[in-house]
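Just below sit the structures, each encoded as structure tokens.
Same chain, two partners: subunit A is paired with subunit B first, then with subunit C.
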Partner chain A sequence: MKQTMENKIGNWNAIAWLLQRLTAVGLLLFLGIHFWLLHYRHPGEVITYDSVLMRLRFQPLLLADLGLLIFGLFHALNGLQAIIQDYGFGAGGKRGLGWILLLLGLVMGLLGGFALWQTF
Partner chain B sequence: MGSFLNVTLFRYLPGTDHSPRYETFEVPESKQMAILDVLTYIQKHLDRSLTFRYSCRIGMCGSCALFINGRSRLACRTLVDGLGTKDIHIRPLPNLPVIKDLTVDLTPFFDKYEKIKPYFIAKEDREDFYRVPEGAKERILVDKMLECITCGACFSSCTMVTTNPFYLGPAALNRAFCLIADKRDGAGAKRLRLVNGPEGVWRCHGQFNCMEVCPKKIIPTWSIQQLKKRCVFKKWMGIG
Partner chain C sequence: MKGMHLVTREGLDVAYKTEMISNAEVWKPGSVGMIAWYLQRITGVALVGYLLLHIFLIGSSLLRGRAAFDSMLSLLMGSKLFLILDLALLAAVLIHGLNGIRLILFDVGVGILNQKKIFWTAMAIALGLFAWAVVRMGPELLK
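Right, the complex of A and B next:
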């Protein structure tokens, strides 16, 4: 059966719904690592630029921060899109906003990824 | 001398009244009095112009759903004693246009209900009756959800319906699930496509308002979650 635009949006909604849950689980892990490293591994430690650089030069930790960035961006922007859709904006408007959020996510992801990569 | 109830009612006739207003009536309380008894007393003895719907009076038809003391309830099944107060506030169901006083236009509700094809469509290849034993797993799955009397209480309580006028709503989606889960029905894939749109199952965020107000103790949120799973995994479940 030929898919309508509604179905295509609906299928994306289905994927987004699943990814929202997967990224939520991922965020628990990445946030856990992030908080442990920054606040609980050495409580009271003063965080300096050099200590952050040292940490990010260690590949697994860099990947953890990258994961936090990507998962966090997706989770936040997808959640924002869901809220916008909840208010019933017209279909065209919704699609436009979806593209804007996607672009925003890509730009922020690239900027953040570039910043992390620079430290490595 | 018996006790009296303070009953505040929403009054409005669109097109005639400038704006809605509230009127308070004193109603003598009697034993085992239901809200419907209160309203019929007011209409019979105090104000014959009061407009509201009712039919079966035993919680089977769903006609008398109203917003009573802060939540949607059936007037015939809500006892005054159960409210725990002598001050009663009654408004028409939210999320629906008012026709007069406590009577709402249910067209938006039923339009959305109709969108999901709420009737059984038999499979074309079946020649004989499909027997479903009483204790069968597939029957138990939808048994409770079949009790819906389309009173509109869930629809009127859903915040997603309030914010998004295009959202199908809990009653329609619950009905869609009942039919999609029915192996005898031949339009499951089509219905799944209908509810898989941006105004379908994906607008539900699991707030459970619908479950809280349903007079038949149905959990539309659960039905909607089942539909979401089917939409996501339909390729592996052989649907759609």
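Right, the complex of A and C next:
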């Protein structure tokens, strides 16, 4: 059966809704690790390039930061879209907003992803 | 079956009017549910701004190498203002995260009738964790 545009948007909204919850749960873990290691384990200590290399060479912590990057960007930009749509912009069939946020997410994700990956 | 979809504003309205959640008072102006909703939204927007700035500053300086990264980080982290902003960031994350757990509980059908109690419990945990962070940060703040 051929899907109408409305159905497609409805399906995506349902998936986005679910992903917002799933990324939220992931963020509790990834953000917890990130905050503890970088902000509260040694309060007041300035982070250096060498300490970053040392941390990210340990693969689970690199993966935790990559997870934080991807989950964080999705959760942030999808949440932002929901808020903007609440005020009547970019809702329904107007999908420009979604594409702009997707592009922003991809650019930030690539920047963060390359930055993390090159330390490895 | 509008009343079944409690997570939408319309659904909550229907549920409220049909007294499914008459004690919850979620959408009443100034109610606990409304305060929670505003807090989630305000902290959410602030955290989006922070995240984008954080990825841009840390990511770009990390790509430019050791010297650029170290000078950026000593500029960002080398002041008491940073420590205070760091605590403000933690406060936003704790409010958003713990209230977020509350919202997910409702989504899976747990606790909507006790939403006020769950909100205050979540905020009490947030306050406890925040106090712990202040104590850890304290010696640095007083230096």
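Everything below uses one rule, namely that the second predicted complex is superposed on the first by the 105 of 120 C-alpha atoms of A that agree within 3 Å, B and C clash if a C-alpha of one lies under 4 Å from a C-alpha of the other, contacts with A are read in each partner's own complex, and residues count from 1 in each chain.
Everything that follows uses one rule, which is that a residue touches a chain if its C-beta (ideal position, glycine included) is under 8 Å from a C-beta of that chain, and two chains touch if they have at least 3 such contacts.
Quick caveat: nothing in here was measured; it's all calculated off a predicted structure.
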| item | value |
| --- | --- |
| Contacts of A:35 with subunit B and subunit C, given as first, second, both or neither | second |
| Which of subunit B and subunit C A:11 touches, first, second, both or neither | first |
| First, second, both or neither for A:25, with subunit B first and subunit C second | second |
| Touch count on subunit A, higher of subunit B and subunit C | C |
| Contacts of A:87 with subunit B and subunit C, given as first, second, both or neither | first |
| Partner chain in contact with A:69 - subunit B first, subunit C second, else both or neither | second |
| On subunit A, positions contacted by subunit B and by subunit C | none |
| Residue ranges of subunit A in contact with subunit B within the complex | 1, 6-7, 9-11, 13-15, 17-18, 82, 85-88, 91, 94 |
| Subunit B residues within the subunit A interface of the complex | 160, 163-167, 193, 196-200, 202-203, 205, 228, 231-232 |
| Sites on subunit A touched by subunit C in the complex | 21, 24-25, 27-28, 31, 35, 39-40, 43-44, 46-50, 52, 69, 72-73, 76-77, 79-80, 83, 104, 108, 111-112, 114-116, 118-119 |
| Partner subunit A, residues of subunit C touching it in the complex | 41, 44-45, 47-48, 51-52, 55-56, 58-60, 62-63, 65-66, 69-70, 73-74, 77-78, 83, 86, 90, 93, 97, 100-101, 104, 107, 133, 136-137, 139-140, 143 |
